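Below are two complexes that have subunit A in common, paired first with subunit B and then with subunit C.
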Partner chain A sequence: MADAMFIGLSILTIGSAIISLESRELLYGGIALAVSLLGIAGFFVILDATFVAMFQIAVYVGAVAVLVIFTVMLVRSPNTVTKRETVKRKISGIILSLAFLALFGAFIGNSAVSQFSFSDAVPAVDIKEIGRELLTYYSPVLIVLAFTLAGAIIGALALARREDIEEKNEPAK
Partner chain B sequence: MGALNSEFRFGNFVGSIVQLVLFILAFVTLLVLPIIFFVLFFVPLPVVDGQVLTPYLFFSMMVDPSRTIPVMQFLIHTDLFRAAVFPGFAFAALIAASTIFIERKLLAKMQLRVGPLYAGKIEGIFQLLADGLKLISKEIIVPSGADKVIFWLAPIMFVSTSAAVVALIPVAPGWVAADVDVGLIAVFAILGFFPLIILLFSWASNSKYPFIGGLRALHQMVAFEIPFLLSALPAVIFAGSLNLSNIALSQNIFWNILVMPVNAFVFFISSLAELERVPFDLPEAESEIVAGWLTETSGMIFGLIQLGNYLKLYALAGLFVILFLGGWYGPQIFPPELIPGASTSDVSLLRLVALEGLYNPVTINSIFWFTVKTFVVILLMLITRGINPRIRIDILLHTGWYKLIVLTFINLFVVLTLIYGGILGPGGLISVK
Partner chain C sequence: MNQPSDFIIVAAVLISIGIYGIVVKRNALRLIISIELIANAVNLVIVAFSRMLPNSQGQVFVLFSIAISAAEVAVGLGIMIIAYRFYKDIDVTEYKNLKN
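This part shows the complex of A and B:
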């Protein structure tokens, strides 16, 4: 059952990823990207990491895909993608990426990751344990991360704020 | 009543009906029955009462009063029944339908109108049925230049996404279609699909009013998603779990709303915005932009989207009850037995009528109180619609981003103080367990 699900999800994810790259219509590409990200959430569910899966859906489908599609709609013009790739370039690209995949597969297969053994009784990742570690031993990391994100958001707001149109938008006090 | 065609012959009419019946009989015998038998040959049949439940046994058990209860007991505990009928789709659709009728009547009374009156003699009780028939029989008009694939898919996506939210809402201990460990996060993750669907649908309509409405919906939902999620957090901290059933179970002493009234308020406001209901109905502001992103919908496409909207209304009201109003807890008002002395009697028909073995007073009580509380929340949402004007979009965004997010933090700190002070929460003075 899990194998059938794995194969189905793989076809869904990789197929929609290919569609998102190959589609002439930019908007369909965006939708296919969202489906592909959804498929990755399905992989997380298979791996018993429902928490990560839900955040994958909430962040990537709910926010990133919406942002991409929104941008596509705003800048939409009929002939954005006119250049067709030649067959030669396509084949060489596929061969290159397959070689890259083989290289990474070899790396991971020979690393310590392949030595892990999982049992059905004990979950491989305990989300509560991760939370406890984050709040105790690794709390400085969490604080630094929080400050970095806050700094990034404040920076983005400062960049996005335009002084010249401020008066028009704000109601008169 | 239109006049009959002059070539009409009653004999021809009867003949055509007979022909149709013969055709259906031939179709069933030659095609449907073989397919059913072929499928049954490969499908593993369930075991009920020590016997394999074949279709023949199923029908004979259904007509035998002494053997009906076990097969019903088996049926209502299957996953399909849970997802499709009781805590899932059909139950929610029933509540959605009654909500639509109550809304029309209530709003009419509030505005000194009469509302639906003629269909079904008594206060227009069959108005909804008539509307449904009308929507089914209407032509679906696809605007010229519309993106057909998205235009047809989006309404179906809308309903199925709403049904997915409904499937996560528990109505009684153990009665939930999908009991997920991270139920609350799952609800918010699935709610995140709606802006995408609405945006795509409004774009696919190829018309300017839907697109304006779709952009407004996007802004609104994104602005209110964060206070929505944050306002539910203290309930999670209390329960120590993201599972919605556990959150409801953690309120058997007091309701969460007593400790976190501000959060309940924020959650209520945010769910109104998520549902695009008045005063936040900017995406379908009918006096400004025709009908917003619903402008180009017609016939059953409109019907599906309305169904999805009201399913979502039920789901969010149910979520409010689970998070803040103590879930399904309430005084026990159902008797231990439907008919006293039925369980010891020898008459099997009496045992059938008393639903011996099916009737569980605690579960029925839970379902009753959950439904009552959900209806109270739904009524609150309806009354809000009756008495409020639509607000401006800048006020809406200002409310979402500036005010509600800050308000959620106030109660979060109160709750954290109570927990670290050792008063509430797991292991506190007023402990749950």
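This part shows the complex of A and C:
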């Protein structure tokens, strides 16, 4: 059975996930997304993965949620308020998500997952071990990942560049 | 004491919320938010199993996954900004030029 900390964190995470999709103002949706990602980081702390929790807070809450909020501010205001969805689409979405939940619940109920348990006897994963693996076995992956990130950031900058402003600023010949 | 199945249930609820958002919402930013929720739920399950085994490779994999989805969000928001510049709207049903 789950303890009180877990129940509180799951209410925080799931509740703000629903708010992030259902709030009328998109800005509040971005803030609720940040709270939900913080809840996930809390789950990581419960699971003794403090390094991953720190990374989650730095990357998701610090970069991704703030990027979403900045984009909301770049878009003019009538677009950031939700238009009314058609009821048919909403009902079909709810049915689809409940069907997924029922299917997944059936899988969980019929598998051996419910017999798994955390044991306090085994020690948690050491941060040193993660660092050692990142620098030895996974070092090629780390390099490729660095190039991927750099390429993605440069690509995003090149996409969002405005060519008309650049032409205006060029000196006359 | 928590069990791994509790974490899996929370992740399943998060994934179903994300599926609801992708099906119902037509705002491009809400679609990105839904994708982020689904990616986070998957990360949560991987870390839960890596604690159960215990095995450090699950946590290393989650670190890579977080970095990849940060890159994905950067590119997605860049595409959204130029789409907004063309159409003056971030509703994905307005993006109709590829249809014909």
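By definition in this document, the second predicted complex is superposed on the first by the 117 of 173 C-alpha atoms of A that agree within 3 Å, B and C clash if a C-alpha of one lies under 4 Å from a C-alpha of the other, contacts with A are read in each partner's own complex, and residues count from 1 in each chain.
Definition applied: a contact is a pair of C-beta atoms (placed from the backbone, for glycine too) under 8 Å apart; a residue touches a chain by one contact, two chains touch by 3 or more.
Bear in mind that the values here come from a model prediction, so they are computed numbers and not experimental data.
Peer 1: Considering only the touch criterion stated at the top, classify A:I31 as touching first (subunit B), second (subunit C), both, or neither.
Peer 2: first
Peer 1: Could you tell me if A:S92 is touching subunit B, subunit C, both of them or neither one (first, second, both, neither)?
Peer 2: The second partner, subunit C, only.
Peer 1: Tell me which touches more residues of subunit A here: subunit C or subunit B.
Peer 2: C
Peer 1: For A:A63, select first, second, both or neither according to whether it touches subunit B, subunit C, the two together, or no partner.
Peer 2: After superposition on chain A, A:A63 lies in contact with both partners, subunit B and subunit C.
Peer 1: After the superposition on A, what does A:E129 contact: first (subunit B), second (subunit C), both or neither?
Peer 2: second
Peer 1: Tell me the contact category for A:M54 with respect to subunit B and subunit C: first, second, both or neither.
Peer 2: first
Peer 1: For A:F147, is the partner it touches subunit B (first), subunit C (second), both, or none of the two (neither)?
Peer 2: neither
Peer 1: On subunit A, what residues does subunit B touch that subunit C touches as well?
Peer 2: Touching subunit B and subunit C on subunit A: residues 51, 55, 63.
Peer 1: In their complex, what parts of subunit A are in touch with subunit C?
Peer 2: Subunit A reaches subunit C through residues 1-3, 6, 10, 13-14, 17-18, 20-21, 26, 29-30, 33, 36-37, 40, 43-44, 46-49, 51-52, 55-56, 59-60, 63-64, 67-68, 71-72, 74-76, 79, 82-83, 85, 89-90, 92-94, 96-98, 100-101, 104-105, 108, 113-114, 116-118, 122-126, 129-130, 133-134, 138, 141, 145, 148-149, 152-153, 155-157, 159-160, 162.
Peer 1: Mind listing the subunit C positions that touch subunit A in their complex?
Peer 2: 1-10, 12-17, 19-21, 23-27, 29-30, 32-34, 36-37, 40, 43-44, 47-48, 50-52, 54-57, 59-60, 62-64, 66-75, 77-82, 84-85, 88-91
Peer 1: Taking the touch rule as given, give the residues of subunit B at its contact with subunit A in the complex, in rising order.
Peer 2: Touching subunit A: residues 147, 150, 180-182, 185-186, 188-190, 192-193, 195-196, 199-200, 203, 218, 222, 225, 394 of subunit B.
Peer 1: Given the complex with subunit B, which residues does subunit A contribute to the contact?
Peer 2: So the residues of subunit A in touch with subunit B come to 27, 31, 34, 50-51, 54-55, 57-58, 61-63, 65-66, 69-70, 73, 169.
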